[in-house]
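The same chain A turns up in both complexes below, where it pairs with chain B and then with chain C.
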Partner chain A sequence: MTEELDASKTGHSDGPPLSFVAGAPLALVETGLIRAHAFAALAGLIIAASFGTVAAIKLVQPDFLSGQVWSTWGSIRANHTQGIIFGWLSNAFLSFLYFAVPRLGGRPVTSRRLGWSLFALWNFGVVLLGWVLVSVNLPNYFWAIKPLEWTEFPLAVTCVTEFCLVLMALQFIPPLARKPNNDGIYVSSWYIIGGLVFTMLAFPVGSLVPLLVPGAIGAAFSGLWIHDAVGLYVTPLVLAIAYFVFPVRTGQPIYSHFLSMIGFWLLFFSYPLNGTHHYVYSAIPMDTQRAAIAASIITGFDVILVVLNLMMSLRGQASLVRRDLPLRFVWTGVVMYLVVSLQGSLQALMPVQRYVHFTDWVIGHSHLAMLGFATFVTLGGVAHLCQRTAGCRYHHGYLNLAYWLILGGLTIMFVDLTIAGLIQGQLWIDGAPWMESVRASQPYWLVRAASAVPILLGFVAFILGTTIRDENRRVDTNRHVPLLAAPTAQASHG
Partner chain B sequence: MAEIAAHQSRPAPQHWFGLAYLLIFVAGVGFFLLSFIALGVLPGLRLAETIASHRQTDMPDYTAAEHRGRLLYTSMGCALCHTQQVRFLPADVRRWGAPIAAWETRYDFPQLWGTRRIGPDLAREAVVRSDDWQLTHLYNPRRIVPDSVMPAFAWLFDGSPDRPKAGATDLLAYLRTLGRARQAGAGQTVGVRVDTAMDPAIMMEITNLCTAPFVNANQARVADSAPALGPAASTRDQLVARGSMLFAQNCAGCHGVHGDGNGSAATGLLPKAKNLGQYRFSTPGLARILWNGVAGAAMPAWRDFPTVDLASLAAYVQTLHITAADSAPSTAPLLARGAVVYAENCLSCHGAQGQGNGPVGITLLPRPVDFTAMQPDTARITKVLSEGIAGTNMAAWPKLTPPDNQAVTAFVRTLFEAPAGQRP
Partner chain C sequence: MDFKYTNDFVSNFWSMYVVVISLVGIIGCGVFLWMQGSVKHNPGQTTGHVWDETLAEYSNPLPNWWRWMFYITVVFALVYLVLFPGLGTFNGKLDWTARGQYDAEMKKADEQYAPIFNKFLKQDIMTVAANPEAKEMGQRLFLTYCAQCHGSDAKGAKGFPNLTDSDWMWGGTPDKIKETITKGHDAVMTPKGTKPDMDAEQVKDVVAYVRSLSGLSSDSIRAQRGKELYPQACAACHGPEAKGNQDAGYPNLTDKVWLYGSSEAEMIYGVTNGRINRMPAWGDFLGEAKVHLLTAYVWGLGGGVKPAPVIAPAAAEQSGTAGTPVGAVVPPRQETN
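Up next is the complex of A and B:
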């Protein structure tokens, strides 16, 4: 179940490479938990994406799968978004953390037993229970869907989720943060620690406060969590994967420690202040809205720095990026990170908000973020750990197919929804009868539903690529790291 | 190499405050608290102030049924497609009235502002549609709005839209609360919230828009106003062709594809949609009906339509009349007798000129039919006199003798103001 320690690679005496880059773990790695969470993640991905596909089809054929509460659009949509963030991304993050944290911190995670409890609690107490409760749809304060974005699962599930977030922090922060840590604390670890602590606090506030304070005030807090879910939970963990995978796959150091620092601190400062840009022109005080819009622009600049730093770390590696699939997935995700963030800064501006808010433009934006940025990087991370974990499987051909299918589908969906959003916004401003905007959207909704075909096929190909072919028996950790003594990523000591 | 090595940190002596603590307490806790206070607590306090300053406005809390309906609304995900947030933007205000103020959300735990609008905003939905419209629409939206993509909620009913179960009635009760306080006049004394940070040009436009009382473009109302659907640039054939398409998109759900009143929504509506083939309509009459709707019935208003579309619809509806077989006699003595019968039986509601504005008629909803705007076929009048019209105040009129019946039928048909050039 666990890999053997390789004490010979722990040396760090003469400004040596960070040991995790060499690939061999310094500490006990819970490969069982890596595999379990990876499979749960891929199952969550295909199920949550199927929910999304049903929701997309229903906009074209509203009577498709209709007539029962479990399959009504509202239930399906809640199961889609919550499935993506909790079923797919969170499981993939956990899998990656079990892989990376012992390598980054030089210590095993806090407890294997805690790990399996967390696995069971997360998948049965959060993901499965959430999907079931949403489908059963009890109109009851504690058991019903909450109409709050990114925390639609019922209050009962929210309680379990928060408990799990605390367990996650206990499981992964101590091995990274405790001293002495020979490698210092590497960028990925900053993001992991910051993201886990922040989310542990922001999630309960975003989920509970809007239930306790009157509407408009609650909206101010909802706005925070809408952004924090993506900006302070998904983004830091995804960037942790990117900062981990790049130097490991290329054997090259991260371009600039300074940029890493600026990027990190600016992200944690400015992202949380973006929240209110989801309620521009609302009853929330205009000063607050303007502050959030200003923060959104700062965030855009921050992302330019982060992406610059990551891209410069790949100098001279173009052919490797083409050849090496995990690297190509992560690279693509990072490119989309830049695009989606600049788009986000742009659309937070008031004149743009006037036009695109409430339209499919925003749905296109969120898919570029969650499918383009987060899912691409995370798929790269999962491919990386599948290749390098005993008992996992890795098939280049299927993963390559998956890459092109998902990228093609996403491009179609993003362009299509963006155009649809512009048309909707124009019709609304023109004062056309409401149904005009629905009728005008129909062809675009059809294309969007069709774009699910390549995306779903891509996910299936990815799952095939990580389940067929023989298990990795002895993991050749150095396969893509020709120079063990190559200059590598920097860390700052903590 | 040296440069890179310089980036690397050495195992350093223990700092009293290490990077790990910095990450946990500054990035994790500190920046969380900063955002929590700056974007949550501070605006929250200001919002609480404005809510408190409207304490005097009369706004009832949700009743038990309304509360259950709201829970159903949230649990079925209605808020995912329907915002309840009229923004401080002229385009929103024109469509749905004054921007949503904080005090209007006083009893909303949690808020339902929403972030996506697939269907229209519902913040002011209370008075826009009739009960039978809402229930039929909930049962299956496509029965009323053929192109709707809203899910059907048939499980809230006992097999048909006129037999709602508790869930549907609760939901309807909740819809009736949306914007209720605003419509009852609350907030008028205070006016639109003035936020000094708001763009002054936009603020001015909104304030101007809000000076007049707001009526939703689809809300039926009792009024005589209507735009003139006079001769347009298009030919009559063009109007009819466009009207036919518009009719299929907007009217066929209730009035049926052929305008015979047997649309898929027919079973749920009371009064039923009119069989348009049984009437001759004047163009100004149709303009009034389309522009104002039929208050008290499911027929909404279509004031959001451009005039040319209303003219197209009017032209098309006029083609639906089956003109052939109305050869009932109308001699002078018959009409004179009819006038007497009318004055005795019909005038108090339908009015001296048949405009539906008799002394009793103006107290009724829906208003009695305006015979100057629409001329029923003889067969239709005979049927109404013997059966009445369910869902309206028009009762069966069995006390008339057959000759009186015939006379008043002929007389009523003379009240119609045929368009110029169409008079016999």
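Up next is the complex of A and C:
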């Protein structure tokens, strides 16, 4: 594997000379698993986004693809949201973890065989099985779609998922938790450890407990997963990527270790209560709703701190942010993190909530979070690890195109849904007939469905940019070798 | 107001659980920050730790503006929980409840709209139906409560009757329509009518006969055989001449208006398996005034039948409605337990 190391030195010429030296850690990296998970992630992204597109089209053309169980709006929506978190984000996180954990911990992940078992179990036992079961929707309780948001995959799949989450903790936490050369634990490692531990605990609380205690109590618990999936799984791992990519791409240290730590602990302190703000004005006790609101405000201020720390780490690097694609992707995601979090804190307040609850405003918000924040940062992470994985180079042109397409599509979708939400909320508060709000939403749903075109094209461009071989590129720009090409390709570029 | 604190969360446990987490979380955040005040920093220098050759962190302190802003959020959270019902069964200093907010808004709406509802409630259906303002209000109500079944144009759908034609299963006079909306109706056709031992061929025969009554294509030999089965199997409900019975909601089979369409297969299916259909009751949910407006709206859609002249229409209308308290327009929502 040693010839790959040189390739990484010659790469990247856009930025300052990188102090990245292919040291010992690289030899510990499981390149095969990085590739496999990256490939699964990108496939998951396209499939899950296509599900979302079909759901969006159905709002405009209800008869589109109608008549089959698998193509009803309900299953399609579940397959979209579950596909995004389990198929796309989780696989991308795993790919990044196989890349980063050995570098952060100075030792290999627990076991390569465990890695491949986890890969198979996750993709076949969780993602594919989940999609199939939701599509056929068997009548049996154990195999049927679960009526719980963000954990709609059937109970059978939930069990496999929880098992996999435990395996993930076993795979990645030991190499991180034992300090490398007495060097302490880097902030990314904190986030990885925290995210994996909390997810392992929060997932059963939010997706099994509601089945045992039905009714409003169960709903309150399911709210914990709806938001903990975002706050204690996606957010920590995405922030781990951001804290990793920023200093590596700029060669400049993080602004403040102290801010990193405060940001980390406050996130885990204030987040767990946040979940129930999904049930403001509902049949759960007012004290729980109010506590969730108070916690949401505190979380907003924590996010300000985290974003401040990340942005200050880029001081003086504006032109690099513009030129360097992984950095630009991650930077954009971090900006959206700030916007979406402040929006979220405001939304939790009752006067705002009564206006936007159940409207498309919320759908705009969730896309700003999952597509704007999580996906942008994660795509940046994938681009970065593509650049730094043996024999791989991303294709600058395609990735730049992907960036603008996805950003454009997301902006259209977000603005469109936000306006639609305000209009719907106003009509409902005015007591207008339901049908009137449906009619008023039509043009906005059309635009939203159309916004899927640039977004999907952007994803395709990203995939091309990391998989297509571009032999003609000049050597002085980033040499491009497909991320997913067979490992033998390395030799010719080494 | 007799609002009681009732919910699924019957034991105190969950309240205490949330109280503890909230207070420990909020105060913990504050204390945690306070304790960090004594940490020493070396601005501009890294912590000395390096990972993977490039990953390092400076040792800069927390900006003071942020620190104070965060203390303010902690104070905000505590004040918030004192003012509003956020700590167990403590109702908050402002005595705010979601129920109270709802009641206040409904009261305001009642005060605003009661005179208008009252005005129409005193008029008879045909007068109200002629009033454009009432028609508009009726349409809004219809679009909100009825359109999902009868369609926004009230023309119905398979299994849901068209309300704009002059064909009524339950009668089209103001009284009858009002009764339908207030009390709802259940329509049941038993499988194979009153002759459950019919075989598939006999069902086809009787369907052929029914089709022949409204001039639909049918096999005349079958229709002849069906005619003999009809009195025993169907007449009890649809009547000896198949003209139906509006008092019990049995549809007229000779009028060329079909709830489930005029295809032979659909009829065979219906007669073989029976039909169960329900128009929900709206009286309790909407209250008399809204039902009155809806009746006028439906009656005025084109198919309304004038009441028989024997009964003085105004008197009949008024007797049932006069003196109804307007508060009943919006029945208080049931307390969930």
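Please note the rule applied: the second predicted complex is superposed on the first by the 436 of 494 C-alpha atoms of A that agree within 3 Å, B and C clash if a C-alpha of one lies under 4 Å from a C-alpha of the other, contacts with A are read in each partner's own complex, and residues count from 1 in each chain.
Everything that follows uses one rule, which is that a contact is a pair of C-beta atoms (placed from the backbone, for glycine too) under 8 Å apart; a residue touches a chain by one contact, two chains touch by 3 or more.
In this text the structure is predicted, and so the values were computed from the model without any measurement.
Once the two complexes are overlaid through chain A, chain B and chain C clash, as defined at the top of the document.
Of the two partners chain B and chain C, it is B that touches the larger number of chain A residues. Looking at the shared chain after the overlay, A:I262 reaches chain C, while chain B stays out of its contact range.
Touch criterion met: A:G67 reaches chain B, while chain C stays clear of it.
By the touch criterion defined above, A:S222 reaches chain B but does not reach chain C. Once chain A of one complex is fitted onto chain A of the other, the partner contacts of A:L310 are absent, as it touches neither chain B nor chain C.
Once the two complexes are overlaid on the shared chain, A:L239 sits clear of chain B and of chain C alike. Of the two partner chains placed by the overlay, neither chain B nor chain C lies in contact with A:A452. Within the superposed three-chain model, A:V377 lies out of touch with both chain B and chain C [touch as defined at top]. Of the two partner chains placed by the overlay, neither chain B nor chain C lies in contact with A:L97. When the two complexes are overlaid on their common chain A, residue A:I423 makes contact with neither chain B nor chain C. Overlaying the two complexes on chain A leaves one chain B stretch of 3-11, 147-155, 327-335 or 399-407 clashing with chain C, which is 3-11.
Residues common to the contacts of chain A with chain B and with chain C across the two structures: 18, 180, 184, 215-217, 220, 253, 256-257, 265, 269, 272-273, 281, 283-288, 290-291, 431-435. Within the complex formed with chain A, the residues of chain B that make contact are 1, 4-5, 7-12, 14-15, 18-24, 26-29, 31-32, 34-36, 38-40, 42-44, 46-48, 51, 68, 71-72, 74-81, 83, 85, 87-89, 91-92, 94-95, 99-102, 104-120, 141-142, 145, 147-155, 167, 193, 195-199, 249-250, 302, 304-305. Residues of chain A that touch chain B in their complex: 12, 15, 18, 58-60, 62-63, 66-69, 72-75, 77-78, 137-141, 144-149, 173, 176-180, 182, 184-185, 190, 193-194, 196-198, 200-202, 205, 209-224, 226, 228, 232, 253, 256-257, 264-265, 268-269, 272-273, 275-276, 278-292, 350, 354, 357-359, 362-363, 428-429, 431-435, 438-439, 442, 445, 487, 490-494. Contact residues on chain C toward chain A in their complex (touch as defined above): 7-9, 14-15, 18-19, 21-22, 25-26, 28-29, 32-33, 36, 39, 41, 46-47, 49-63, 66, 69-70, 73-74, 76-77, 80-81, 84-90, 97-98, 139-140, 142-144, 147, 152, 336. On chain A, the positions that touch chain C within their shared complex are 18-21, 23, 25, 103-104, 106, 180, 183-184, 186-188, 215-217, 220, 244, 247-248, 251, 253-260, 262, 265-266, 269-270, 272-273, 281, 283-288, 290-291, 293-295, 297-298, 300-301, 304-305, 308, 312, 431-436.
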